[in-house]
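Chain lettering (A, B, C and D) follows the sequence in which the chains are written, and residue indices restart at 1 in each chain.
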Amino acid sequence: MPEASFFTDMLQSITDHGRQLLFSGSRNTQAAAKADLETLCEMLLSSRGEASGMALAAEILDRWGALGSEGAQKFFYMLQQKFGPDTARLDRAIEDYRTDKSSAAVIALHQAAEPRRQELLRRLNHAPNGTATLVRMRQQLLASKDRSEAYHALDADFTHLFGSWFNRGFLTLRPIDWTTPAYILEKIIRYEAVHEIAGWEELRRRLAPADRRCFAFFHPRLADEPLVFVEVALTRSVPKAIADVLDEGREQIHADEATTAVFYSISNCQDGLRGISFGNFLIKQVVEDLRKDLPGLKNFVTLSPVPGFARWLASVRATGDRSLSGAALETLTLLDDPNWPGRESSAAEVERVLLPLAARYFLTERTPEGRPVDPVARFHLGNGARLERVNFLGDRSPKAMQQAHGLMVNYLYKLDDIVANHEALAQRGEVIASPAVKSLLSQSDEGRRGGNGQQGSRAFAQLMNSTLGGGRK
Amino acid sequence: MPEASFFTDMLQSITDHGRQLLFSGSRNTQAAAKADLETLCEMLLSSRGEASGMALAAEILDRWGALGSEGAQKFFYMLQQKFGPDTARLDRAIEDYRTDKSSAAVIALHQAAEPRRQELLRRLNHAPNGTATLVRMRQQLLASKDRSEAYHALDADFTHLFGSWFNRGFLTLRPIDWTTPAYILEKIIRYEAVHEIAGWEELRRRLAPADRRCFAFFHPRLADEPLVFVEVALTRSVPKAIADVLDEGREQIHADEATTAVFYSISNCQDGLRGISFGNFLIKQVVEDLRKDLPGLKNFVTLSPVPGFARWLASVRATGDRSLSGAALETLTLLDDPNWPGRESSAAEVERVLLPLAARYFLTERTPEGRPVDPVARFHLGNGARLERVNFLGDRSPKAMQQAHGLMVNYLYKLDDIVANHEALAQRGEVIASPAVKSLLSQSDEGRRGGNGQQGSRAFAQLMNSTLGGGRK
Amino acid sequence: MPEASFFTDMLQSITDHGRQLLFSGSRNTQAAAKADLETLCEMLLSSRGEASGMALAAEILDRWGALGSEGAQKFFYMLQQKFGPDTARLDRAIEDYRTDKSSAAVIALHQAAEPRRQELLRRLNHAPNGTATLVRMRQQLLASKDRSEAYHALDADFTHLFGSWFNRGFLTLRPIDWTTPAYILEKIIRYEAVHEIAGWEELRRRLAPADRRCFAFFHPRLADEPLVFVEVALTRSVPKAIADVLDEGREQIHADEATTAVFYSISNCQDGLRGISFGNFLIKQVVEDLRKDLPGLKNFVTLSPVPGFARWLASVRATGDRSLSGAALETLTLLDDPNWPGRESSAAEVERVLLPLAARYFLTERTPEGRPVDPVARFHLGNGARLERVNFLGDRSPKAMQQAHGLMVNYLYKLDDIVANHEALAQRGEVIASPAVKSLLSQSDEGRRGGNGQQGSRAFAQLMNSTLGGGRK
Amino acid sequence: MPEASFFTDMLQSITDHGRQLLFSGSRNTQAAAKADLETLCEMLLSSRGEASGMALAAEILDRWGALGSEGAQKFFYMLQQKFGPDTARLDRAIEDYRTDKSSAAVIALHQAAEPRRQELLRRLNHAPNGTATLVRMRQQLLASKDRSEAYHALDADFTHLFGSWFNRGFLTLRPIDWTTPAYILEKIIRYEAVHEIAGWEELRRRLAPADRRCFAFFHPRLADEPLVFVEVALTRSVPKAIADVLDEGREQIHADEATTAVFYSISNCQDGLRGISFGNFLIKQVVEDLRKDLPGLKNFVTLSPVPGFARWLASVRATGDRSLSGAALETLTLLDDPNWPGRESSAAEVERVLLPLAARYFLTERTPEGRPVDPVARFHLGNGARLERVNFLGDRSPKAMQQAHGLMVNYLYKLDDIVANHEALAQRGEVIASPAVKSLLSQSDEGRRGGNGQQGSRAFAQLMNSTLGGGRK
């Protein structure tokens, strides 16, 4: 913190000197003061002085911050229209390349084809707090309804630059516990996206007991902001329901007695970094860290939500998917009464039909790109985990009932298999699951006919892809 | 340190699992084990699994490390030949772009024009200690005599990527003093490039006294390696000679008594990062830091070498530059006797001729790009400093006598003027100097005719540019 | 923390080995296991082995912790009865001394007169967490109703040893802010004794704003426990009422704008350390620290409660103190209606009578030892502060209304006067106050006759001394 | 450091204010300025103000620091003469006690018998750097040749107070390695008392390799000064000679491969703390620490000098001890030629005679108090170690040849036996040794008659006790 804030102070000071010169000084500063954002951006791109550059960057970001959402939208549009590549230069570079395919010509072509936005964003990044402001800028971009060419072009630039700036080599893992500074802890409360933390007392119950752990990734340019964090319970068995983990009255154990580390909540904190992946590294680091610290730990599992299940099931029911028998469809109508979990007979019937459908959801459904349809499954399976168990009524909270009819699943991280599991999915599209989960599939009459439903499911999966995403895995 | 090493451990562990799978596992691993470096690089570029990717990256870097210098040269050549852009794809992208100049087409063109080396280097960077190894790789590239197209193409990639990875936002400033860990201090001894540090006792004299300071920049991925450092003396006047600063018997003062901070040595530590500039930021941060800590400080100056002066003067004498009077040329022959500084009359004569020539060297000579010819001057003047004073026989060490006939100069950093000075040079090519230095110019009969010598000097300056550089400023 | 806990681990391990030997080993361990506390204490005093000593100490403290309050009382009594000095030895030492008044004889006499309890407590202190347990032991002693000889003898031993162990040279000052670990912050909530902190949100309001500071003293053997802390508000004027400081809607300022640091709450945290003074040092260190950090600060004042005022006033009224005119006594009956502050006319009348009485309370009343009767006044005036202002209705909370009829005062810490003020009180018993406060005294007809009431007041002051104390200043 | 230095700054500031008042102010300061040390000490004892007290303490310590050795001697004498107990008060307290043997009377007696020096030293300790100065004061006391009553009385006070101030609960263990700040490392070079460290390069060889460790104890009031440190080599066997450990060309191993931790050098750093024991705790903490860090470690041994052996042997030879056969005495004359180790036949003969004598030296010789005569043996055996092996010609350095005819020994620390071994020595005076060492004893004809030489040896042991001591174990 002191280091970071010192650096920020220093940037601020240089920037202030530059701004003074630019916007109140004797020379051509009137121009700058009156200039619109586009002109300022052009000035920034053509600026050769470092201090005036930082001053311009700060001015642009300040003005951007003061724009309403409509103004911001126009700003994005302007960036796309006016700060693409220099087409004249690009055309020349193409001609040169066609004449002489030398390395130098390729380099020139590559540089000419780079949208001028990228250099602009790089220079904006030099402003004090530039990185944080640009992360917010992308957050606003992602939040906009517009999905035009402008949107995609601009987001490609952000994704490219953020991928480099948030390179995992720069991330530092820090344990979060009851000795963590309060200003970090209040962000844990705010960013928790899976199982809400109601306040400081609940936070204490999640962090202070000897059988709880939490870890977060931080980045030097966003020093006070966790990027992603994971909450861990140390237990003596793999829990089937979130209540086993979070219940106030649960029995606490000593960390040394634990055989199992349960990753029960992973939250991304920065919407503006959606798609810049760190979570996979987080889990692997945490597994390594826990193994060193607690040699008694044998199992590393998650207790995870299934956020896409209810919507998928609804679409299957709606399309009258032939793979579902009439009896099964009939049973599923029980779900339409919100009190079904309370009725024992209903619950038992639902369970018999729901679990095989869940197995199908995980094992045979695919997105158009051939990936699992559930976003959390994509994350953990892509990470090298194995689908270990499907837990009926694992989470009875309204949110979980609505998203997944209460289903939760455990993914198992087995260090020796992570690489092979990951490669199986990455190279062959194969979901690795436990025999128990696989056998669920064959228990249903739908199992063999899973493929039939694929067409409808693909459309669904595309929908999912575009609407789910950041903030939850 | 622990954090960094923990991260390295973790990377190592994931990498090891990946390597096991790749090089001794059951599948197509025989192929990998037998593959040559080119094949491995192709495998790395086409790899989709993270662990296998890291394993391949580590394998490639390990094998690279074992190559002799000839092998390394071949490796560089191979990178240039085989890992440029995919020309077929590039040609297609060009065609598409000529048909439809959409954003998407530009993005595709930009991506297609990117040499495949860049992605390859990015993936190599994920190996444990990848960054440090790539810095060494570029160091070897820079050290090679070859200046072919391959060299320039490859160095452009390194420069582009390092510029992003070593973004100044990631650098942390740390004071170096007698409380600094020994393993850092031994690197200060090793990397000092301006005024050699003979051993621990001399290091102590530079760091421990109350009127000495030292600061270095560090980077999270090179945690134990300073990137650049500056040594500072706190004094009550602007010193004219390095002996005033480094003499063992000098009078020490309390930091509070100091009015002047003298930056008497700035050393870059990583040859492989040549051209990736941090030194300018270092000085400005240190000025800010010292001002906060010691409000009594009024002047921030350097005591700097003039590494290009003797060579420039030799070239001026050799070309029989008409701007030099015969009497001046006659006087300069005194320099050919190495004992000239010891003879009072010689020294006085030399001084009368040398100082105006020095003023001309700084104020009117320019590189073909219009920049000052002295590399240290380029650095400080480009940084916004003003040329304050030329010190005759400021450094009598053999190195300084040989490079600069003993000249040293003071550059003055005045916070309120830094921006204007910098802009004057950056925008108008004007060197800002004190009246005293300027008046030196007019004292000589050469002053008015300075321009005459420019043509010869340009050639010299180009020579300088290509042979001087990292390791000293 | 890690260091402290490592040390504790290590002590624990050595202790465990010792206990094993003592209480379950082969030798005379049955004896130890069956021994009562007195026997164990005797064993500890005669033990020569370090490990067995630590084991015994741990056993004694464990058993003590399991005693009920009656048992603890008996334990204290036993310590006093059985672990005074060895009288036979003492008598011999007295005889020897009377024969030969050598240094050696004096040393022997001094050692013989030392209660064996002191060595016993020293050895108990070697147990893991020994210091913390002994602090709790004294807390229980102070809480007991018994004020017998046993109580005083034992407390003299504790006071002597704690004075040495909690020597201010061992205390470290740490800022407490919103970056402080949560497990420390929750103790700040718990220990705040002057203006209660209702929860985390209120704590945040006291610590996080730029114009708030908090500092605490810690001790290496009680690493996670603050000993005393002070809360500071940075303001632009000296506040008259606590609401000015704590009001949620107050205007926040930048720290650089502040001219005044207001110490508005000082809380001792450890009841068991009552009478071991650190608060005076705390304030002086904090003043120094703030002055360095914020050169704009000119005034260092408190906003303090007057906890003894209402009781003193009641005793004055009750004794029919002749120094109070009938009219004044009449006015004071307004206080008996709890709603008096709400009635403007009442409040004005009360103010006219109350302020001069307050001046008398501070300036002329004295304890039998000649010290100010108000415990908070004793603390700050003894510390070298000056009584600056008496604030009518400065705190309308029920507690303040009950203890002080709402009065608050400001004490002023002026660094150049601290020594003189302190000496004035310490050497001459003189309370230094501002002219404004002094003039209050003369405004009242009671001023001149202040002395008359002293006898009654002395009795009152003795009462105060014995009932007020730790936990609030 | 910053904390400590801040504290010192603050003390300095308060002290300065006090001094100003005392020594240059308006009141009775002339008196103080002219007063001699005795008067100042009396003023300090009677001072009630804190600031003036600190000022007096600082003044006394400053003046003391300026005394020559003769003046210091007089100062010690003065302390003994004038600052013993108040005899009148003591006599009264004795009378009171004889009349009424109450707790209060005992407390009063105890306080009256305390030399006034103790309170004086306590108050001197409040001066800035007071503790460090008092440690130096005792160092000077111990260095004085005088062993009068004054010496013993004064040293008893120092010992009592230091025992409390340097309570092991305040000590912190820190690893010393190549990441340790240089200003600590230079003290390791300076204080190493067993095997000299020639400079930074040699220090690096002792600290940087993966199979080396070093640990030191620090105290909060002497923050920059190690109190005691131990150097450790990690090996695969128990070394017989110091060359195995320190040889530059030795084979380095990875820490994980080590089975044995060798404590090959323990140095006390502060002469002024002689007799205040921390070394025993140091070793036990380090053993615990290493065990946690490196579970592969099975053996914890020392490689220790035998500093008293040659002198003891000389005294045995000189007294014509009848327990030595003529042949043995004859063989021992070989030692008188300094080149004996170089002659193979001599060395073999010497070994045959010397090892049994060494066994006798350790196992049967005792000081008058019944303790082992070798000071290093007293330390390790008293610590609970076992005498494991005697190594012939383990150290051929001139110092070791002179002190021990080259002998070194290994002491074994076995955690499960430490308590029992310690108790065996502490309670029954029994030296625990390995069978191999015991069998050496019986190999000699002297073994059975060991007791005969005891009288002469006792005298020797007393001599040893008084001349050996701090700085080496």
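The criterion applied here is as follows: a contact is a pair of C-beta atoms (placed from the backbone, for glycine too) under 8 Å apart; a residue touches a chain by one contact, two chains touch by 3 or more.
Listed by chain with UniProt protein names: A, B, C, D = Malonyl-CoA decarboxylase.
Predicted, not measured: the structure shown is a model, and the values here were computed from it.
Student: So chain A and chain B: same face meeting same face, with over half the numbers shared, or different?
Tutor: Same; most numbers are used by both chain A and chain B.
Student: By CA centroid distance, what chain is farthest from chain D?
Tutor: Relative to chain D, the chain whose C-alpha centre sits farthest away is A.
Student: What's the distance between the Cα centroids of chain B and chain C, rounded to whole Å?
Tutor: Once rounded, the distance between the two centres reads 60 Å.
Student: For chain A and chain B, what's the span in angstrom between their mean Cα positions?
Tutor: 39
Student: Quick check: how many Å separate the C-alpha centres of chain A and chain C?
Tutor: Distance between chain centres, rounded to whole Å: 52 Å.
Student: Which chain B residues reach two or more other chains?
Tutor: none
Student: Go ahead and list every pair of chains that touch.
Tutor: Every pair of chains in contact is listed here: A-B, A-C, B-D, C-D.
Student: If we count contacts the way the header does, which residues on chain A are in touch with chain B in the complex?
Tutor: Within the complex, chain A contacts chain B at residues 3, 6-7, 9-10, 13-14, 17-18, 21, 48-52, 80, 84-85, 87, 90, 94, 97-98, 101-104, 106-107, 109-110, 113-115, 125-126, 130-131, 149-150, 152-153, 156, 164-165, 167-170, 172-174, 220-221, 280, 284-285, 288-289, 384, 415-416, 418-420, 422-423, 426-427.
Student: Could you please specify the touching residues of chain A with respect to chain C in the complex?
Tutor: Against chain C, chain A makes touches at 1, 178-183, 185-186, 199-200, 204, 207-208.
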